[in-house]
Amino acid sequence: MQLELRNVSKKVGKSFHISNVSLLFEPGALNILLGPTLSGKTTLMRLMAGLDQPTAGTVHFSGKDVTGVKVQKRNAAMVYQQFINYPNLTVFENIASPLRIAKIGKTEIKERVDKVASLLKLENMLGRNPNELSGGQQQRTAIARALVKGADLVLLDEPLANLDYKLREELREELPRIFAETGAIFVYATTEPSEALLLGGRTATLHEGQVTQFGSTIDVFTKPNNLITARTLSDPPLNTLPVVKLNGRMLYKSHVEIPLIGKLPQLPDDNYTIAFRPHNLYLNRRKNTDIRVKAKVAITEITGSESYIHTDVAGVRWVLLASGVHKFGINETIDIFLDPDTFYVFDRNESLVVMPETVAGV
Amino acid sequence: MIEKQVNQKAWFMVLPVFLLVAFSAIIPLMTVVNYAFQDTFGSNQFYWVGLDWFKEIIHSERFHDAFFRQVAFSAIILTIEIPLGVAIALAMPKKGWGVPVCLISMALPLLIPWNVVGTIWQIFARVDIGLLGHTLTQLGINYNYTQDPVAAWITIIVMDVWHWTSLVVLLSYAGLSSIPDVYYQAAKIDGASKISIFRYIQLPKMQRVLLIAVLLRFMDSFMIYTEPFVITGGGPGNSTTFMSIDLVKMAIGQFDLGPAAAMSLLYFLVILLLSWVFYTVMSNIGEESSNGGV
Amino acid sequence: MANITLKDIAHSYTGASDNPADYALKKLNLTWRDGGAYALLGPSGCGKTTLLNIISGLITPTKGEVHFNQEDVTQLPTEHRNIAQIFQFPVVYDTMTVFQNLAFPLKNRGRTKEEIEPRVIELAAMLGLSDNLYTKAQHLTADAKQKISLGRGLIRQSVNAILFDEPLTVIDPQLKWEIRSQLKFLHKQFGFTMIYVTHDQTEALTFADEVIVMYEGEIVQVGTPEALFMRPEHTFVGYFIGSPGMNIAPCELQGDTIIVEGYEIELANNYPVQNDAVKIEIGIRPEHLDLSAADTPGGLPVTITKVDDIGRYKIVRVKLRNKEFNVIMNELSAVTGDKASLHFDTSHTHIYVNDHLILGEPK
Amino acid sequence: MRWKWTIPAIYIIFILVPIYWLVNMSLKTNAEILSVFSLWPQDLTFANYMVIFTDPSWYSGYINSMIYVSINVVISVCFALPAAYAFSRYTFVGDKHLFFWLLTNRMAPPAVFALPFFQLYSSIGLFDTHIAVALAHCLFNLPLAVWILEGFMSGIPKEIDETAFVDGYSWPRFFVKIFIPNIASGIGVTAFFCFMFSWVELLLARTLTAVNAKPISAIMTRTVSASGLDWGVLSAAGVLTIVPGALVIWFVRNHIAKGFALGRV
Amino acid sequence: MNLSWMAWTLPTAIFFITIFCILVTMTIWEYKSPGGDPRVGVLRFETTRGDRVFVSLLGSAFIHIIWLALFPSISLWCAFAIALIYVCAVFKWV
C-alpha cells in the first residue's frame, strides 16, 4: 500500500496552485507537508483525498490509478484546521458515522468507537454535542472520526493550528503514538517548522506550489538542497549573507571581507549566499578558526533558559540564539563569532554547494 | 471565503425550480408581448397593429401622469422609510425581553393581507368612524381623504410607512446585530464619537442589508396596487391612480388588452433595468466585503 | 503614562455572588509599573482577557478598584482612560484607507493635520505598511490588517498603557518573529507600558520583562522569565513554561533525601518534615537532567523509550520504573542501546507540596 | 441616551393603534359603530365573529387560503432546497444570470401577469383550484426561497460537506442526514416568508379563483361592495386574517431578524 | 391544450426564437470556454460576456422606446441601426 502522485498539477483560472508535484508516501511513517500559507498544502491534500481533480498528472494508490475515482470510494479520512464536526450529532454519533455508512453491526460500532474514544480521551464526552466541547475536544472528535474507520489514507490539514500552545504540545506528542498503531498513510500539513521537527517522520517542503525537497525531517533540516528549503524549515529564521567571490577573495557588499576557511577556498568565482542557523552564532570564541564580527544589538529576548539576540551586522539582521540569560542594551556593540564549519553555502541558483562539516561527516 | 467548484451537473438541481418558474413567468410574458402588437375585438380575434399601442401609450397623458405619480410615490416612500427604519433599528434594545417584543410587534403589519391593510386604514382614517379621521376633525383640521387629493396622498403614504417601515427596521437590525462587539470596543478605545461609529462601523456593515431594503422597498412600492385601491380606488379623480391601478383598470375594467399589454411591457422594462442596476451594485459590494473582516 | 494598580479586583459575568465558582477572575492585587513590558500568560479560559478588559474599561469589575497613578478609574469609561488596545483578530475600518485608519485615533482627539501626517508616515514605515498607505483597508491580507490594528494602538504617544490581546494569532510563524521583535523595539524606544496577553509561552517570555502566569482565574506566579523558568512557584507554572514542560513526579521526602520510584536522591537542601496528608512532588526541568552510559555510578537506571531529534537538540523520553521523564540532550553518543543512567542536577531540583514550591535550608 | 427606548416604543404604538381600532370595531355592533364614537366597545358583542363562523361562504375562504398557502410553502421549500444548494456550492454555466432572472420574477408586478395567468390556467384546466394559486405564487416565492436558503447555506462551511463525502456519505444521504438538520432554522425562516407572501397576496389569488378556491381576502372585497356598510363583520374578518400571521411569527421569533436579512448577515 | 389565447404572430415568434437562439449560443460558448472573458470596463465593475449580452438587449429595447417617443413618424429601422452601433460599443468597452 502506498500513495503516489505523478507529475500532478492543479490550475485554477490562469494560475497554478500546484505545479508538477511528484511524491511517494509509504505507510507507517508520518508524512509532513511544510510550507507557509498559500504554498499549496491544502490543494495538494484535496487532490489526494479526491475532493479535487488534478489538471494534469495522476494519483496512484497501491499502484492503481485512482485519479478519477470518487471521494466516497477512496477510503480516506480528513481532518481540517477548523474543528469540523456534524453539529446535529452527538460525539458518539459523529465518530460512529463513517461506520454507519459502511453498514457495520451495532455492537462492533460500539466497540470501535469506545476504543478510539479512549485512545483520544473522549470517553466522558460521547453523549454531548460537539459545540458543547472545548476546541481541543472538538478537534479530538474530528481526529477520532478520521481514525475509527481504519482508512488507508488519513489527511490532517493543520489540525493543531487553532489550539492553545500547551494543548498543541500535548497532542503533538500523542499523535505520532496513535498513528503508529494504525498503520495507515498519514499526511500532515503545517506551517510551523518546529512542529515538523517535533513530529519527526518525513517532510516535504512546499514553496509556491512546488515541492522543494522530500526526505526524513531531520535530513531535510540538516541537508537542505536549496536556500528556500532551508528557510522554510528554520525557526528561528535562518541567518543569511549574500557574498561575491572574486579573484580569491570573498566579499560582502564589495568591502567586508570573509576569510576563506574550510571549503570556501575551493569554490569557483561567483555570487553565493552563506547561511547558518541562529544557534551557530556564538558569544564566545569556541575554536580558533571562528570568525569574529562586530555586531550592534537591536533587541534581546529572553525565554528563561535561552536568549535570542537580534543583531545588526553591517546592515544585515542576524539572530543569535544562546543558552542562558544574556542582557544587552539597545545599540550596544558586541563581538559575535561565526563558525565556518557550520556554514551552508548556496550558489546563484540557490542550490546547496557547501554543507557544514558536522553534517557532511555523518 | 467559500471557493466554489465548477460542476455542470448542478443544473439538474436547479432544473425543477427553473421549469416551474419558467412556466409561470415565460408563457405569460410571451402572451403579453403578443398582445402588445395586436388588437382584439372579443373572443380570440386578433389583428396585427404593429407599434401603434406603444406609440399611443408613450404619448398618452394618462400614462405619463400615472408614471410620474408612481415615481413620486416611490421616491417619497424611500426617503421616509429608509432613514426612519435605520433610526428605529439603532434605538432598538440589543438584548433582554425588549427584543422579542419589538421584533414580534414590528413584524405584525407585514403579515396582514394587503387588502386588509387597506381596510384597516380605510376604517381608521374615516372621519365618521375612524380614530384618526375623527381625532383630526375634532382638532379642527379639515381632513377628508375621499375628497381631498392631498389628504388621500398623505393617508396612503402614512399607511405605507405603517405597513413597510418594519421591513427596513428588521433588515437594519439584523445587519447591526451581526457587527462583532470588538468593533465597538476598538472604536471606544480610538475615542470615536457616536457619529463616527455610525459613519465608519455601522453604516459600512449595514450596507448590504440596506441595499436589500432599498431594493425590496423600491420594487414593492413601484408595483403597489391593492392597498391604495382599497382605500381610494385611485381617487379622488385620478390623483392616486398609480401604474398598477391604471393597468388593471385598462386591462380588466375596459378590456383594452393591447394598450394594457404595451404598458405592461414598458413597466416591466423599467423594473428590469432598475433591478439589474440594484443587483449589480449589490453583488459587487458583496464581493468586496466578503473578502475581509472577521 | 501611569502606574496601574488593581485593588482586590474580582469579576463574575453573572453578577455579584457568594459562590467562588461563579468568578471568572478571583480576587487579586497587582501593580504595573509605568513603562514596563508585561505579559499575562495562561491557557484559554483562565481569565486573562477579562483582566485585560477590566484595565481598559470594557468591563467594570464586580468587586475592587482600578487606579491609574492615584486616581480611581474603576467607573471611568474606556474612551477617557487614554488606553490603547489591540485585539486578537484584526479590527479595521473597511471604508477607510490605511492612512485614515492609522490617523483615526489622533483625529478623534482633535490633533491637527500637521501633527498627524508625519507620525502616521513614520509608524507606517516602521510596520512595513508604507507601500499600501493609500489603499482601502478592506482589500488587504489578514497579516496587513493586523499590522494596521497594531499601528492604531501605537500611534498615540501619550497613552497610559497599550494592551495586546493575543495579537499574533493570525500571523504566519516567520512574520511573528519580525513583529514581536519590532514591538519589543518600540517598547524600548518609546517606553510605553505594554501588557501582552497570550497562551504562547515563547511570546510571553520573549516579550515581557515580567510575566504574570494565570490559572483558573487566579495569579499563580509573577516574575521575570528567568525566575519563572528556574524557580516555578507552582507545578502549573513548571508545566506551562518550558517546552517540554517540567518533569513532575510524586516522591517521598526525608530531610535532605527524596525517594522517587524507590530510588533515593540526595538533595542540596534540607527540608522540614511534612504532614502525611499532603501531596509531595519533585519538579525538574528536562534541561537539568542528564543521561550517561548505562550503569554509570550515581545514576538511576532508565530505559529510553523514544528520541526526538529536532535539529538543535534531542528530546529523550526515558522511563524510571513506571515514571516517564523528558530529558533534553545535545549529544547522545555516550549512550548505546536503550539503557542509560539518569542524573539529576540537584541544585535545580524543586520540591512542591500541594503544588506549591517549598524552600529548604542549605545544609 | 436614556430616552433611546422611546423611539421604538412610539413606533410600536403607531403600529398597534390601527390594529387595536380594527379589533375595537369588530367587537361592536354596526349600530354602535355608526352612532357613538368610543375608544372601546360599550356594548361588547361577538355577533360579527359568529356571522363568519357560521356562514360557509365566509369560513370556506379561510380554509381555501390555508390550503393554497400550505401547498405553496411545501412546493417552494422542497424545490428550492436542491437549487439553493447548487447555487451556494457550485459554479455552472449561466449560474449568475439564472439567479438574477429568478430574482427579477420576485420583482415582476403581478398586475402585468394577471390576465395571461387567468388564460394560462384556464387553458390547462386548473382555473379555480387551490393548486393554481399555489403554483402562481411560486412565481415570486420560489426565487425568494432559493435566495434565502442560499444565504443560510453559504453560512455552513463547505468543509462539512467534504468531511461527509470523505466519510463515505452519498450526496442524498448527506443532504438529508447532515445538511438539512443544520439549516433547520433557515428552512423555518424560508417557510415563514413563503407563508407571508402567499398569505398577503390578493391580485393573483383573486384572478385565478371564482368559487371553489376563493381566498378570504377576495371574499372580503366582495362583501364590502355588496353589503357596503357592514363594518362590524368586515372588521371581524380582518382580525381573523391577522391571527394566523401572528401565530406564525411567534414560532420563528428567534430567527426573525436573521430571516429578514435573508440569511445574509 | 388550446394555445390560441396566446395569439402568436410571425414577428413575435421570430423575435422569441432569436432570443432563444442567442441564449443557446451563449450557453454553448460558455461551456466551451468557461469564465465568460471577465474584464473591468467603463462601468468600473467586472462584466462577463453574458452581462454584456444582457446590457445590449436591455439597452436596445430602451433605444427603440426612446426613438418611438421622440420621432414617432420616422421608421424604427433607424433606431435599430443605432441599437446595433450601441451593441458593438457595449462589446468593445463595457
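Letters A, B, C, D and E mark the chains in the order given here, with residues in each chain numbered from 1 onward.
By definition in this document, contacts are C-beta pairs under 8 Å (C-beta built on N, C-alpha and C of every residue); 3 or more make two chains touch, one makes a residue touch a chain.
All of these numbers come straight from a predicted model, not from anything done at the bench.
Counting steps between touching chains, the shortest path from chain B to chain C takes 1. Between chain A and chain C, the centres computed from C-alpha atoms are 25 Å apart. We define each chain's centre as the mean of its Cα atoms; on that basis chain D and chain E are separated by 35 Å. If each chain is reduced to the centroid of its CA atoms, chain C and chain E end up 66 Å from each other. In terms of their C-alpha centroids, the spacing between chain C and chain D amounts to 57 Å. Residues of chain E in contact with two or more other chains: 5-6, 31, 34, 54. Multi-chain contact residues of chain C (touching two or more other chains) are absent.
Counting partner chains per residue, chain B shows two or more touched chains at residues 5-6, 8, 27, 31, 272, 276. Chain pairs recorded as touching, per the definition above, are A-C, A-D, B-C, B-D, B-E, D-E. Residues of chain D touching chain B in their complex: 4-5, 7-8, 11-12, 14-19, 21-22, 25, 33-34, 37, 39, 75, 79-80, 82-83, 85-93, 95-96, 98, 100, 102-117, 119-120, 135-136, 138-139, 142-143, 146, 154, 157-158, 196, 199-203, 216-217, 220-221, 224, 231, 234-235, 238, 241-242, 244-246, 248-250, 253-254, 256-258, 260-262, 264-265.
Across the complex, chain A meets chain C through its residues 36-37, 134-135, 164-167, 169, 173, 191-194, 197-198, 200, 218, 221-222, 235-237, 277, 279, 298-299, 301-305, 308, 310, 319, 325, 330.
Those residues of chain D that touch chain A in the shared complex are 157, 159-160, 162-170, 173, 178, 181-182.
Within the complex, the chain B residues that touch chain E are 6, 8, 27, 30-31, 33-35, 37-38, 40, 44, 46, 48, 51, 54-55, 58-59, 266, 269, 272-273, 276, 280, 284. Per the touch definition, chain C reaches chain A in the complex via residues 43-45, 172-174, 177, 180-181, 184-185, 188-189, 199-202, 205-207, 224-226, 228-230, 239-245, 285, 287, 308-312, 315.
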